[in-house]
Structure formats: C-alpha cells, structure tokens
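Take a look at the structure below.
Chain IDs A, B, C, D and E follow the sequence of writing; residue 1 opens each chain.
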Amino acid sequence: MMEFAFYLVAGLMLLSAGLVAFRPKPIESALWLILHFFLTSTLYVFIGADFVAVVQLLVYAGAIVVLITFVILLLNLNPQEISGGESIRWTSTVLFLCSLGAVLFCLHISTPSLLEKMPAPGSSFGSIEAFSRTMIQNYSWSFEVAGFLLLLALIGVGLLAYRRPSTRDHSNIENKSEAA
Amino acid sequence: MDASLKILSGVAVILPLLGSCIWFWAKNKIGEKITGLAATGTLVISFICCLTLFWQIESSARVEFFSWIWMGSSELVNFSFLLDPLSLALGLIVTGVGSLIHLYATGYMHGDEGFGRFFSYLNLFIFAMLMLIWSDSMPGIFMGWEGVGLCSYLLISFWFSDEANATAGKKAFIVNRVGDFGFLVAMFCIFKAFGTLSIPEVLAIVNSGNLDIVQVGWTQWACLGLVLGAAGKSAQIPLYVWLPDAMAGPTPVSALIHAATMVTAGVYLCCRLQPLFFLNPGVMELIAYIGGLTALFAASIAIFQNDIKKVLAYSTISQLGYMFLAVGLAAPVAAYFHLMTHAFFKALLFLGAGSVIHGLHHEQDMRKMGGLRKQMPITFWTMTIGVLAIAGTPPFAGFFSKDEILHIVSGSHRGLLSNIAFVTAFMTAFYMGRLWIMTFFGKSRGHREAHESPWSMTAVLCVLAALSAFGGLLNWPELWGGNAWLEHYLGQVVTQMDVGHGADALEDSLKLAGFSSLMGLGALGLAWWKYRDYQTQDFRSPAFNLFKNKYYIDEFYDAVIVRNLKRSGEFLWKVVDQGILDGTLNGLAYQAKKTSERFRRLQNGLLQGYALWIWLGVLILMISAWSVR
Amino acid sequence: MEDTTILWLFLLGKIVLFFSVVFGAVAPIMIWVERRVAGLVQDRYGPNRVGPFGLLQSLADGIKLILKEPLIPQGVRKPYYLLAPILAVVPAALSFAVIPFGPPTTLGGMFETPQRLQIANLNVGLIFVMTVTSLSVYGVALAGWASNNKFSVMGALRASAQMISYELAAGLAIVSIIMLSGSVDLMRIVESQAGLWHIFPGFLAFLVFLPAIYAETNRTPFDLPEAEAELVVGYHTEYSGIKFGLFFLSEYSIMTTVSAIAVLLFFGGWNLLPGLNWADIGIDIQNSMIGTLIAVSWFAAKVAFFLFLFVWVRWTLPRFRYDQLMGLGWKTLLPIAIFNILIIAGFMVFA
Amino acid sequence: MVDVSIAQLLFVSFAIFSIGAGGFLIRKNAISLLICLELMLNAVNIAFVSFSRLHNNESGTVLYFFVITVAACETAVGLAIVLNLFRLKKNIRIQEANALRG
Amino acid sequence: MQIFDYSGVLILLILGVLTGVGAILASEILGSRRYYPRKDSPYECGIPSEGADNTRFSVKFYLVAVSFILFDIETIFLVPWAIEFQNYLQSGEGIFIFFIGGLFLFVLTLGLIYEWRKGLLDWNQ
C-alpha cells in the first residue's frame, strides 16, 4: 500500500511541477507551486525526514511563495502582459527531452546497487534533536555564514527595491517612477 | 720653410670658409658695398698666398695639418695638402679668376636682396675648389668634389623662388651625384687594390711597377669610375645635360663655376692620376673618343641656340671635349694649357654676355639684341677679343692652346679624331661669330635702350681681355722659339707624349697653324655673311629641328631613366609596401575582427540563451563523468 | 501494544470530538458570547431571543448564511474567488491536529499504555502550528485579490502584511519557550512546566506572544483591515452567504487554536497550579477516567478564559492606526522578542 | 517509513529538475523564471534528503537547510530586480532585458 | 508509528476541505436566486465604484514580505539552536552555544536596525 502511495505522490508531484512550469498565468503557477511543495513535504515524510517536511512547508510554502504571490499582486500586471503568447521554443523542448532521456538511461543502467531498497533508517533519523545536534556540532560555522547571508540579502533588497520617496510621498509603485 | 707653407696654404683655404660664414648675415649689418668689397678682398688675399706659394715651392711640397683620428685607422684619411705644379697652377687660376669674378659680381648683383647670401656661397665654392685641388688624399679630394657640387647647386638655384631655377639646380646636383658615384667606386677599387687612399703613396706603388694582375684589374675599374666622375663633373657626353640648364643661375656663377673652375676638376683629376690611366690604355682611348665626340656634338648644338648663355654653355662643353681629347691622347700639358686659356676667354665671354644682359635688363635672347656696338663699346671690344681668342685667330691665347691640341691630335695619327677636331674648330669659330654679330651688329631688335655696365664690371672685362690676349705666352712652343714654360713646369709631374722636334716637325706645325687660323677666319667671314642683316629667320631644314631641340637628349633621358625610376618607385610603393606588407598586416587585423564579430553574436544578452549553454555544459559533463566511470 | 483497530477508532474519536467541539460548539458559543458581552459592555442586552439566553442565535445565523443567495459579483476572478474561503478554512482545521487537550491517559483501563490525547503527536508539533498560521495568509490574500475591488485588495494586502509581521514576533517568542523547555513537542513542553509554568521565566515572551496572536487573527486592536469605517469590511467585502461564514468560522477556530497554544506554552496546559500537581491532591489523571476528565476540563477552562480575554479586549481597546500597528509589530515586539531570547539564554548560561 | 530505492527518488528529483530547467528556458516573463528556479532548487533538496536518508547521516538535511536559505535570499533579491525591471520597462519580458550583450 | 499520526493530519486536511466545499455546495443548492444588476457591481458603501481597479500598491508590502521571509528563516535557524541549548548547557559548553546564538542574533538585528534606519518599516502614508 505504501508503495502505491509513494508512486501516487511522485506522479502528482511531476504533474504539478509540469503545471507550474507551463501554465501561462504566473498566479496559477504560484498556486500549483504550493501544491507541489505540499507533495514534496509528504515525500519527505515518506522518506522519514519529519523536521525537513515541516520546514519545507513553513519556509517554501509559507514564506517564499507568499512573497511571489505578493509580487504578482503588487505588479498586478494585466494577464496578457505577463503571460504573453507562450510560443514553445522547439530547441529548448527538444534539448530538455533528450537530456531527460539521456540521464534516465544512465541512471537505469547504472550500478545495480542503486536499485535495491534502501535500508530502514536509524531510530532518530529525521527527528529534530538529531538534526540540531549534527547542525550545531559540525556546521556551526556555516550557521553564522548563513546568518550573514541573510543580512546581505536584506541589505540588497533594501538598496534595490526601496528609493526614498521625494517630498510628495506617493508610495505606490505606479508613480514611483516620477518620484524616483 | 714648412711652417710658412703651412700658414700660407692654411690662410688661402680657411679665409674663404670663414668669409662664407660671415657674409651670410653681414649684408644687412654692414651694407651691400662693403660686403662685396670684403668678399673680393678675401679672394685677393688667398690669391696672393697662392702666388707666394707658387714662387716659394720649387717642385712639390706636402703640408700636414691633422688626421681624422676618429675616422678609423689614422693613415687612411689625413687632412693634408699636396702643393705641386698641377695644383698650384690650377689654384692660381681659381683664386685669380675667382677674385676678378667677385669684383664683377659686386656690380652685377647690385640691389639683389640675396646679395650677402650670394657672396657667402661663392666663398664657400672657392674653399671647396681649393680643398679639391690641393688635398693629397682621395677622400680629401672627394670632400672638395662634393662641396663644389653643393655650391653649384646652391648658386644655380640662387633665385629659388622661380620654379625653373630650382629644378635646374636639382638636375645639376643629381647628375653630379651620378658622377660622384663613379668617383666613389673608383676610391673603393683603389683602396681595395692598394690599401691606401693617399695619392702620393698610390702613385708610388703604381710607379714602382711590381703590381700583380688582380691589382691591375682593380685599377681598370678605378679608372672607369674616375672617367664617369670626370664626365659627371666636367659635363661630358653621358652626363653633360646639366650644364645648359645651369645657366639659370646668375651670370658670374656661370662664368666662375661653369666655365673656369669646377668643370675643369675632371681634367685635373685625370692629370693627377695619370700613371693610373697609363696602366690601362683602353681607358685612355675611351677618354679621347668621349672628348672628341662631346666636342663635335656640343658644337653642332651651339650653332642653333638663340639664348646667348646657352651658346656659351655648349661652347664650354665642346672646349672641355677638346681637353679630354688631349688627356686621352696622353697630352696632359696641352689639356692644361687649353684649360688655363679657356678659363680666361670663356670667363671673359660669359662676363661680357653678363654685362650685355645687365644692360638689356635681363634680356638673354639674341634675336632681341643687335646693334649694341655703339651703346656698349667696352663690352663690344672685350667681347671681340674673346671671340677671336676662342675662334683660334693667331695672336690670341686660344690659337696657341687649340693649335697645340690639334697638333697632338694630327700627330697621333688617329684619322677620325683629327677630322672631328678640325670640324669642331671650324664650328666653334662659326657659332662664336654668329653670337658676336647677332649681339653687336645689325639693327637693334630689342626695343630697350641699352646702357654700358658700371666700371667694376668693365674693368674686369678689360683685365680678362688682356689675359686672353697674352695667355699664349704661357706655353709658347719651342718650335716657334718659345720657352714652353708650362710644358717644363708641369713636366716635373706629368709625362707628355713627345710630338717630335725635328725640322719637318716645325714645318708641319707651321702648316697646321696656318691652316687652322685660316679655317677660323673663314668661319668668322661665313658668319658675317650669314648674319649681317639678320632679321628673324633661321635655317629651315628638317635636321634643323633635331639640332634646335638638342637631339631630344633630355626627353630621351627622361623617357628612359626618369620615367622608369618613377614607375619602379611607384611599383615598390604600391605593390610591395601597400600590397604585401600593409596587406598582410591589415589582413590579419581584418580576420581577427571578423572572427570576433561572429563570437560577439554568441553573447546576445538573452538570459535563457546563456542558461541553455550552461545546461548543455552540465549535460556533457555528466555524460563524460558517467562514461569515464 | 494495543491492536491497531482500537487505536484507529480512538483517533477517529478524537477527530470527531475536535470537529464537534471546535467547529460545532466553540465557534457558535464564542459568537454568542461575543455579542452578549458586547451588549453588556454597551449597556444593552445581547441576543437573547433565540433559545434560552439567545444561545441558539449563532446556530440560526449559520442556517441563514447557508440559505442566502450564493452571489458571485461580476468582474470577479471566479476560480480564485471560490478557492479563497476553502484556503482559509483548511489551515484552521489543520491547526488543531497537534494540540494535546489532555494528559496521556489510559482512559480508565481502555488502553494498557497511556495514550496521548492529541490527534497527531508529531515530534515537531510547535513548528507545525507556526506553519499552519503562516499558511492562513493565502486565504486572505487570494480573497482580496480575487474580488476585484480595490478596497478589498487594499484590505487583503494590509491584513496579510500585518499577519506576516506579527507571525515573526510570535515565532521568536516560541523560540525562547523552546529554549526553556528544550523540546518542540507540545506534550513534553507541558510536562516540563510541571514544576514551574513558563509564564514566570518567559514573561517577556508572553508579553510579545499575546499581541501577536491578537494581530494574527485580526482581532480588535488590530482589526483595521476589515474595519467597517475605513475599508468597507476589508478583504471579505464581496463575500456573502456561507463563504463569509467560512471566513468567520476559520477566524474563530484559529482563535481557539492560538489561545490553546498560549495556555500550553505559558500556563502549563492541564497542570493544576505552578507549584501544585494533580498527583499532590490525589487525583490520578493518568489512569482514572474521572482524573483525565478533570484535567481536560481544567485545560478547557483555561482556554475559555483566553477566549473570553479576546472578547473582553475587543470591546475595550480602541483600534490601532495602520502605521502604529506595523510600527508596534516591527519596532517593538520583534526587538523585545530578540532581546528576550538573549536574556533567557544569558540567564540560563550564567545563573 | 516506505521503503523505496534511491534510484526512484533520484529519478523524481531529476525529473522535477528537468521540468524546472525546461520551464526556465521556455518561459518568457521574469516571475515564471523565478518560480521555475524554485522548482529546480526544490528538486536539488529532494536529492539531498534522499541521499541523507541513504547514508543515514543528518548532514544531508542540514545542507537542505542551507539550500533553503540560499533559495529564500535568491528569490528576495531576484524579485527586487524584477521590480526594478518592471519599473524601468513597464513589462517584465525577458527578451527585452538584453542590454548586457557584446 | 509515524504514519499513524500523519494519517490523522491527512484526515483533518480532507475534513477541512470537505467542510469548505460542502458549505459552498450547500449554499449553491439551497440558496435562493434573485438577480438584478445592482447586486453584481463591487460594493463600495453604495457609491458606484470609480478609479482604475488595478491600482498598483506600495513597494512597502513587498519589503515587509521579504523581511518576513528572511526573519522567518532566522527563526527556523534558531529553533535547532534552542533545542541544542540545554544539551550544551548540561555538557558544560554553555558559553560556546551562547556565543553562537548571540553572534547569529547580532548579525540579524543589524539587518533589522538597517531597515529601521533606512525607513523601510515606517508606514507614514
């Protein structure tokens, strides 16, 4: 039964990924993206990584896609401006398909050791205590660097997105250009 | 004794050089008159030095100044003078005639804004000429040779503002350079053969006689080179074209340089290195024939020239032809004698023509002259003496020197050359008569009133007239009771072919002299008959055009040499330089640009294009990593 | 181990209990309580016509909403318009999955080993709650954007911005509590409060957490986005009928979840009193049925008190202006939360 | 926990990655590009976690964590750039943003 | 027995969706139908709506969302630190864990201060 569940989830994931990539309207692809992240977190649950599943939901589904939705709402582009006629460019499609096939072929005839079932994980695999012990023990330094990276991103966005409004404070984007 | 010689010769040479530097800017400082007199003064002083040297030195003396140490091995080139009869005689003529012409020039050039410049060039010329005839080493001579060439160029194109003068100066300079090339080749061969360039040493080795075949071979080439150099400098057959054009310069220049001094450098050179020429008689023969042909050729052209200075120029060429003829027939003394007399009467003729031109306000075409007998009496009488002298009438200098040469030529039993010599003598007399009659007799065709030249010019004419009248005394032949002073004087240095002193020799010489003087007078009578009432017409025969246009030699040279040079230059410039060198360079640059252009298109700013390439790269990486597994 | 069927039955029982209690009972009662308290505060009677003391009033409203016309205004982006209420309700339902409403019990012998009284005892419980609250933003954003009315879009943006910023403050407060209890599992957090409730060491955290949960549910001091006066009821202006009801339902259920979390994190869940435990007064909450019931009801009382607090605050505090609201969120609560983490860390390390 | 072989997981991860890359190459507007980018990063995460599960070692998940931070920062800055692009060109078609070319 | 718990979550999820969809379907079926145009126009306190309906909005909202993401990730990073805090405390390395958390928090408060000073956080319109 679990086998079937895994294939179902994997299939749905691929389907939603396809929809995300190829639906014309960005808002639609954003919503499909949320579904895709839900399915990914269930995949993580199947694998046994609980904490990662929740974090996936919290960060990806809960924060990043929110930002994307916000931008789509903010820009409020009229649909044809955003989507535009999505003429499928044959070169990229062909290339993409053949690369997919190539890698699958390599994976398929690769060493048989990859194919047999994975052993059951240790009792504490995936739990948050195990995760945090590994992280603080081995990766404390990159923990700090990640913090610094976040700071940089913050400053970057501060510089890029926000220009101090001129005396006439029209803070909405539409006439930001005159103000800027 | 040596110290005094050193001082005298030093002063004689250095003074003109210093002078040339001073006059250049002195003109507007100390006025025209004083500059002219001062320049003439320097010449007179150096003439006096020459005279004293002439008296003091018995046979020959060698004055050492310094050696160009820094010019490699010291003995190769040293700055010293060889004062022997040859160089002293010519030195006297150069400084003497030079000072006379300087005096004449003060009058002639009066009022010309380049007055100071003119005299500085003349003094420089004198310095160079003295260096040429006095220095004892070939490089020294060559230095003089070049200096003279330079001054002739500067003086010919004196009025450089006029295009024709400038091109004439260039033409003279280039043709001289061709001659100098010959001279250089000669120097190299001599150095190759004898290892030294000092003339006394070379002559000593040659006279010592023990030369191997190789050295003789080299001397042959040297002689050929010398002949080419002499022909270039003395305007002989192949390289004479520059002299007629050189008339573009002021008349004193023509008189001094293109009549008396520079053109004789060739003759002096051949006499100086005569032992060398004796080694290869073929070259002597060549010189003789060149001389003869040039004489005949130039005389034929002179007959039909209407410009007075052109006529005199061609007559100079033919007289030089005579001198070369004499040198060719191993009669350097005769050549020298003719050279000296020629200097006197040709300078006289030129200065006379100068005063005529001066009088007629720069009118040079004889067809516009005529009847100047009454208006310019002194010029007329001095010119008559000159014409008679050159025509070879007995009492004058020309008769003796030309007769000497004719005597030698007939004595050498060369039928063709003697006939040429006699015909040329007749033609010389005829065209000089024509000139004489057309300028001074008949109605005055020129519409301007001619006035006599000032005293400074006429006095010089008289002196020269006297010299050309009594010039013959220098070498009165013994056959006629003379002491042949020049022959003995020069005999110390050069060997003269002996014509024989027997009784029949006297008889022959008297017959020859009578025949030549009769021929001269006959030619003058013919000219008188032909041009007495000369209006405008001239001979109308088809051959006339040929003579009139100087056998189209200039056009021929132009077509053969100049145009080819230009074309080859063009070819080198266009094909080789532009085509090959620049071509390859620009080609490479162009190719680089083309290929970079193509690559530039790869980077077309499309974000997804770049992503595609990255994706391909990753793919290839994966597959290769997997395959190498 | 128990055989699985009983466990499954127990699980379904818990789910049914949750649905009936939260969606069925707590929400309508809360609505009634709110309107009654509002009336009393404004010196008037609340709804008292329908049923005894008007208790059935909210039930009547529910039925009315269902019967109203499913109006879909013109120019609205239909698919998202309908999707929005669903996206609002789902997180509300999910949020209750991890809340333990009682001590681990054997229900008077039904089970050999004490079972957990929570629908899903994930060991990442607390973070799951945070995830769910951040997911509730979608409902609001989509509702505003889909209803094609510039006031509702404005309201939706403001509401979501507000929820987002206060979520941060709540998150950091929760981090300090995690530091105190050393674990993320709610059950263990409650057990760690047996001796001393977290309210005492983590008082600053509670000071941050309380306004955060009010802002998160868009309740009174922070209900500017849907304030009638300014923005025409905010993002669910264009919704009528049951769709509006769904928004209301999700709001109240999140309110109960959040107050339950507050009780669990700060007020020791079902522990009797900070110093005193059930065992001390002789009640065996683990095995005896009655003990468990007493513990659960004690927990429910605490949650009720918080719910009452919601209502109480609503009718006493004036509404914040938007910039004050955001300023409070970013410029005061967030720094205090960060400072609080440092204080607790320093306190634990050096004291 | 469902027992599934690493190959299957890798297949899923690569498939999603390819879809994301394909989308990235095909889509025309900037926001879809960023969304596809998220897809690609998500696929990478799946691979990380599955390998972490294969070797029963938590460092895979920790790396997953850092990939998430990078993804978040990248999206934030990316969208800021898209905002500026929009402000500048009033549309966010990628073809038109090709000033940086040779 | 993780599956047992997650199935609980799954069931709740499904129930939530069902209540939503069910409610809407119920009102579709039971709702009465009376149509007239005024009901369809967007409701603006009765005033007919005017002005462009797709007015753009301040970039502040975008900045809030970005700050939210970055600080959210900070919270998530702090959770494992918080969990490990007590273990390191007992094992005697309290200073080390405190220093790590402190530096991380300090870096991120720098970000907050930057935003504060730059005026991203004040909504004075």
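Everything below uses one rule, namely that contacts are C-beta pairs under 8 Å (C-beta built on N, C-alpha and C of every residue); 3 or more make two chains touch, one makes a residue touch a chain.
Keep in mind that this is a model prediction, so the values were computed, not measured.
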Chain-contact steps, minimal, separating subunit D from subunit C: 2
Any chain in contact with subunit A as well as subunit B: D
Touching groups left behind when subunit E is ignored (all other chains fixed): one piece
Chain whose Cα mean lies nearest the overall Cα mean: D
Between A-C and D-E, the pair with more C-beta contacts: A-C
Centre distance in Å when subunit A and subunit E are each reduced to the mean of their C-alpha atoms: 17
Centre distance in Å when subunit B and subunit D are each reduced to the mean of their C-alpha atoms: 97
Distance between chain centroids, defined by C-alpha means - subunit B, subunit E (Å): 112
Residues of subunit C whose C-beta touches two or more other chains: 122, 127, 130, 134, 153, 157, 164, 183-184
Per-residue multi-chain contacts in subunit E, two or more chains: 2, 6, 55, 57, 59-62, 65-70, 72-73, 76-77, 79, 83, 87, 97, 108, 115, 124-125
Two or more partner chains touched - positions in subunit D: 1, 21, 25-26, 65, 68-69, 72-73, 75-76, 79-80, 83
Which pairs of chains touch, using the document's own definition: A-B, A-C, A-D, A-E, B-D, C-E, D-E
Contact set on subunit C toward subunit E in their complex: 4, 7, 11-12, 14-15, 18-19, 23, 65-71, 73-75, 82, 85-86, 88-94, 96-97, 119-122, 127, 130, 134, 147-154, 157, 161, 164-165, 167-168, 171-172, 174-176, 178-179, 182-184, 232, 237-238, 241-243, 245-246, 249, 322-323, 326-327, 330-331, 334-335, 338, 341-342, 345-346, 348-350
Subunit D - residues contacting subunit A, complex: 1-12, 14-16, 18-23, 25-29, 31-32, 34-36, 38-39, 42, 45-46, 49-50, 52-54, 56-59, 61-62, 64-66, 68-73, 75-77, 79-84, 86-87, 91-93
Partner subunit C, residues of subunit A touching it in the complex: 27, 31, 34, 50-51, 54-55, 57-58, 61-63, 66, 69-70, 73, 127-129
Parts of subunit D lying in touch with subunit B, wherever the complex brings them together: 21, 24-26, 33, 94-95, 97-102
Subunit B - residues contacting subunit A, complex: 608, 612, 615-616, 619, 622-623, 626
